[in-house]
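Starting off with a structure, shown below.
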Amino acid sequence: EDIKEFNIGILGGENAQDRLNAYQCLGDYTKEALGVEVKMFAPADYNGVMQGLLGGTIDMAWLGASSYAGVYIQDPEAVEPVLIKINLDGSYGYHSIGFARKDSGITSLDDMEGKVFGFGDPNSTSGYLIPSIEIPTYKDGVTMEPGDYFADVKFTGGHEQTIIAVNNGDIDGGVTWADGQGAWEDGYNNGALRKAVDAGLVDMNDLVEIWRSKPIPEGPIVLRKALPDDVKAIMTKLVDELHETDPECAYGVAAGDSLGFDPITHAAYESIVAARLAKAN
Amino acid sequence: MADTTAASLDATRANYVALTRQRRLYGGIMLLVFVLLMASGFGIANDRNAGGFLPGLPQMFDFPAEVIAEAWTKRANLPGHIAKALPALIETLNIAAIATISGALGAILLSMLATQGLAPWPRLIPVFRRIMDLMRAIPEIVIALVLIFVLGGGPVPAAIAIGFHTVGALGKLFSEVNENADLKPLEGLSSVGATWGQRMMLGLVPQVAPNWFSYALLRFEINIRASAILGFVGAGGIGYELKNAISWGQGKFDEAAAVFILLFLTIVVFDQMSSYIRNHLTYGSVKGARK
Amino acid sequence: MSLAAAPQTRDMRARATALIARKRLIGLALPALILAYCAYVFFAFDILGLAQRARWDNAVTLVSDTYSYKTVVERNNRSGVFEVAVEGERKGTYDETNMPGWVVLAEDSAHITLDNGGSIDINGDLVRFDVPGYGVIEATQSRSAGVTTNLDPEALPDWVSLSKTRLMVSTDAARLTLTKARTEVFVYDFGWELFFFTLESPYYDHSFGEILFGDRIDPARSNLTGAWQDFWNNAIWRHGDTAWALFETVLMAFLGTFGAAIVALPLAFLAARNFAPLKVVRMAARRLFDFLRGVDGLIWTILLSRAFGPGPMTGALAMLFTDTGSFGKLFSEALENVDGKQIEGIASTGAKPLQRYRFGVIPQIVPVLLSQVLYFLESNTRSATIIGAITGGGIGLLLTQAMITQKDWEEVSYYIILVVLLVMAMDSFSGWLRRKLIKGE
Amino acid sequence: MLEVKGLTKRFGANIAVDKMSFTVDRPLMIGIIGRSGAGKSTFLRMMNRLTDASEGALNFEGRNVLGLSGKEKRDWQSTCAMIFQQFNLVPRMDVVSNVLHGTLGRRSTLATMFNLYPEEDIHKAIDILDRLGIADHAPKRAEALSGGQQQRVAIARALMQDPKVILADEPIASLDPMNAQTVMEALRRIHDEDGRMVIANLHTLDTARRYCDRIIGMRDGRMVFDGTPAQLTTGVARDIYGAGADFSEAATSTEIRDHEALEQAEMRAAEVVI
Amino acid sequence: MLEVKGLTKRFGANIAVDKMSFTVDRPLMIGIIGRSGAGKSTFLRMMNRLTDASEGALNFEGRNVLGLSGKEKRDWQSTCAMIFQQFNLVPRMDVVSNVLHGTLGRRSTLATMFNLYPEEDIHKAIDILDRLGIADHAPKRAEALSGGQQQRVAIARALMQDPKVILADEPIASLDPMNAQTVMEALRRIHDEDGRMVIANLHTLDTARRYCDRIIGMRDGRMVFDGTPAQLTTGVARDIYGAGADFSEAATSTEIRDHEALEQAEMRAAEVVI
């Protein structure tokens, strides 16, 4: 079976056009390797790409961990994870970070009892899914039921809003994501806190970290399972070796410095799938 | 009559035939341009799309089918979900209602100031028109986001954002309605020494109220749905719940169905109400008292 | 009419008084109701509490960011390397050849002159910030001791924030942060940075006059082509891509709106009381419209992405679906208002049903049709903003991403200005078309 | 030629036209008079088949008009033109197009959809407009014309159908006296010159008397008079209008001046100091 | 009482009213006649201050009408009622409310917006409607009434203003003859009984002759006649209407019947076989 074109979904986050440009080199390599037209999509909201993978119109994409789990639950035969980005320190993931205002006196989840806690977007891995599963395991008696351990549990809508809400004192503590590398006072090297600091919206002196999740695996690069095996092999090899063949391109594709990509399988995401299943009705 | 004007009659004929030809030509060209634009536009869009139109067509109902299938197997959950979504619906309705009311009031004022024949200061008409354009053109999501940074989350930023936008959107529609209003009653009121306010309230409003009302209700519906969009910045309501449930995928489709049923019922109610009140305003309270 | 009519007149008087009283009641009840509702919302939304909690300084930060930019001078305190970049972006990084005048870099030191007379010196791990009217703040950092300063921790001005690990000094002219990892100075300037040319471009820092009339700047290209190419491909503002995004937005709106109008027109006849005598058909059609409208374009986009994948066609189809619902309602209302006399006039000549619609109905609803379609075209241009965020195209994608990533509010304002201009252009175009078609030139 | 037998129309319990019967054996100009609600419009509408009859027969040149349907019915409608009180033109379209609508019954649907009419039809339309003295307005929109002019466009549309019968439902009720005169004269001229049958509902006795060959009076759906203008005496009119002895023709007359009033005016004038 | 001096109105280069001057020293019923475009409406509109004059003076009881503005202008408007050809009522509102609009000039904006009319005003409105014979229609919407009835509502509104002057701009041009008669009679009766000044634009000579005490003729903006009805001979009329020798009063008469036509009709009737 031949393919007529190859469609790549690119994880949003940064400026879409920047991402498209960063991926341009990968597109060119793909076109060369497969000999078909390559189209790339970099939406801000990832639903379209997830549906495209399920419907068979998107062939390759870099998904978030939770998004991957969502696709997997909906149709285990739709995609397979092939590669994952390796951080500069050799790790695979990032963290969900719980934080509060320093002047509130809160230093850990213990102090949060009877306080208002905020998640970000219910669709986010680090802003909701993982903390909502992991925080109740912190100690006995912690639950995410509003009015139980916490006085209230709110959704702020997104990482940025959580940071603003905590900083403004609208909520006592919240979760957001960070790579966990570098120093707290800088807002870490990467993540929502760092962006807020750079934008001048918060001062890290005012905030403290109160909780940190286990490493959350980065999302995988997935290929549509129905693709011909040779296409899958070619694409996997292409991306895997990108760091060696064209470091500048790899920098763009990985959205920053990395040690390249490593193979990965579905097994790495089973816990996330389980977490997501637990959240379903 | 016939022979004296034979020459002019010929001229009339020739003129008219020429006019017809010209009209046909222009009409034909416009039609052609439109068809070409549609076709080539569709072509471009189809090319840029991940999946093509024709191959996608048979799959069009895959997703809805999945949703319905899951909702059906878990139909026992539906009432629970509906009950759970009710507070969100009420909040959304409140946001939409207050935004629509305040937006409509603003739009009424602006539209009267911006309509030829009604405006107390005709020179300022272009100014008011541009103000409406501006209010309409700024996407509500932008306003909401800025407000969230100032006011924090919650319904107020959403209501202000939607209301601001509503002023511009309804203002344009209202001023179109106003343009079609009959100015004779207004002149009649002028002649008895009525003030501007009296002329508008007593001469204009009775004429245009049904259409204003209908547009305002349609806008109200749109504003209910706008909560889905505002979900992007954390100011969502029922629409956002629907979007989340749908995009969560398998596992929450029953919730999606429940929220959708709620939303659909709401819209049906307002659609029926709109047509009832419209008739009432247009034809008077006595049913079928059409002249 | 004098004596005999008197009782009747008295009766009329009473009835008229009652009538006016009823109207008065309705006339007063409506505003009262609205007022009561507003009061309810006032408390339900806790407006008072909100007004107190409002953070206007955040608004000022955001708004000032829309018309100013910052240049970051950063020293990586581990490697000792300096970097000067607009907005701290890779693409806006200065190199030795075009370093701005207010910063002087030397071996492991930097001297920054500020507009308000102040200055900042970075000398290895030591920083001196001369704040006019306050004095000199000296700070240093080390891996072991963290941040130490000459400031009295008990009497910090409120524009200084200090902890063991971090110092932040925010003044109007510049902001300084010092941590173990890096020393950063943010210098604020008015305007949109590098809007025309990026730093790599040979045309950067040349005036329009020079480019238009001056000598050839880049020997390889004529000034005009070269300047245009560099402007169009500006790596930060991406004018070319933005133009394409605008086009894609209009394309989606155009296809969606007109497609919806074409689909909705025949369906609207089924929903109009005077054209569909069967109540069942009418109800079915109206519920179909309600259904199509009830699902927001955003959700249609997700639903349709399964079949068609992301892309502008999916977005156009999503708009087509929702708008068919809105148009169906609006058109059928217009149809219910048509004047039967014209149809009867056509019917009396022995015209066939299709001809009756064509000449008796269509000319009457054309104005409503056209003005609604044009209005929706314009409003969809705006909605395409959000739909674009899912389909991965259009100005909406750029706008939402610029907002969500909170990177640069000047980009947000640029996109908003573009959208506003586009909408205004569509508005004048639709006004022109309406005058042409409806009012007959 | 035209034979109406026991024609009846019921709207629910209300009988709008009650066993109407009469025969016409050559193209006449016929006026139908009667109070508002007498059933005049309903009769014309049944004849043009805009409304279906409840009972009775209507034969025209041997054709059973009431039994026609589909194509045949439309054919009949195109040989039996109708003119309305409110003109019922398409106001947004130009005058010639409105006149050309008279050919819709004959032309294919597709061609007319795009306003494609043969050139000879266009010429004929302009000739008809010329005959009615409004050729100058040919390219204008119908709505830009005065009432009398619009009614003449409606007559032109009727003529364009080349009908055997022209039905006119109170053609001058919305017009001022001068326009009314022009329109009635145009109808009479068409009758005289082309020999078409004209049936006109009229609400004024003197118009009927002046222009018609035969007058039918209706009251509460029933025909109560059928005769020549000369036979239409004040007594008969009293019957038709169901009026008492205080009935004066002035009530339905377009004439305003009377001698007594004139005298009054002159007396007043004499008093006035200018 | 009323003094008009050199009143002029220009629309761009076009002079609609050209140095109009006349004096009236007691409440008369005045008719203004003239061709379409002669400037009749423009004069009335200037008098009511719906349009601003370009030049000249208009004094009423010593008050300089053209110089008024704001509240004073509205006061003047409320003592100088206007009746329009198209009635200019608020069609969706009921008849009483329309009549009560006559009091707007006197009442506060806010009160009228919420229908806070004093009861005596309501009673007065009914009395006026009763006087004009349409009290029965009081609760109906204005649009549900016939033209003649609507015009009487407009007159009632004017009376409600309790005006010194009633201006009527072609009050009967949109009406059928019967309604026209009723309306003109109502105006005359108001003049006779209440002693209010009435100035009416009329487009038919005989109406003017019949109802007015004094007639002003206008042509191309200039006053070309000012005299009693008796002085208005056919020759004068020919002047006013700028017609040649072929002018016959029929052109502006509401009368349609003439003797020749009647004879024709009788001849025709004789031929007809019924």
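Should a chain be cited, it is by its letter among A, B, C, D and E, assigned in written order, with residues numbered from 1 in that chain.
Keep in mind that, in the parts below, a contact is a pair of C-beta atoms (placed from the backbone, for glycine too) under 8 Å apart; a residue touches a chain by one contact, two chains touch by 3 or more.
Note that the structure is predicted; figures quoted are calculated from it, not measured.
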Spell out the chains that contact chain A while also contacting chain B. C
Report the chain closest to the protein's overall CA mean, measuring from each chain's own CA mean. B
Comparison of B-D and B-E by number of C-beta pairs in contact, larger one: B-E
Chain C and chain D: spacing of chain centres that average the CA atoms, whole Å: 61
Based only on mean CA positions, could you tell me how far chain C sits from chain E in angstrom? 56
For chain A versus chain C, what separation do you get between their C-alpha means, in angstrom? 26
CA centroid of chain A to CA centroid of chain D, Å: 80
Per-residue overlap in chain C, given as positions that touch at least 2 other chains: 53, 55, 58, 302-303, 306-311, 314, 389, 393, 400, 404
Enumerate the residues of chain E that touch no fewer than two other chains. 97, 113
Shared-contact residues (touching 2 or more other chains) in chain B: 48-51, 56, 59, 62-63, 149, 152, 232-233, 246-247
Given the complex, residues on chain C that touch chain E span 1, 5, 8-9, 12-13, 15-17, 19-20, 23-24, 27-28
Could you please specify the touching residues of chain A with respect to chain B in the complex? 7, 39, 41, 45, 47, 50-52, 55-58, 70-71, 73-74, 121-123, 154-158, 161, 164-165, 168, 170, 201, 276-277, 279-281
Please name which positions on chain C make contact with chain D in the complex. 341-342, 344-352, 354-355, 358-360, 363-364, 366, 440
Within the complex, which stretch of chain B touches chain A? 48-51, 56, 59, 62-63, 66, 74, 77, 81, 148-149, 152-153, 231-236, 244, 246-252, 254-255
Interface residues, chain E side, partner chain B - complex: 48, 50, 73-78, 81-82, 84, 86-93, 97, 101-102, 104-105, 109, 112-113, 141, 143-144, 154, 157, 161
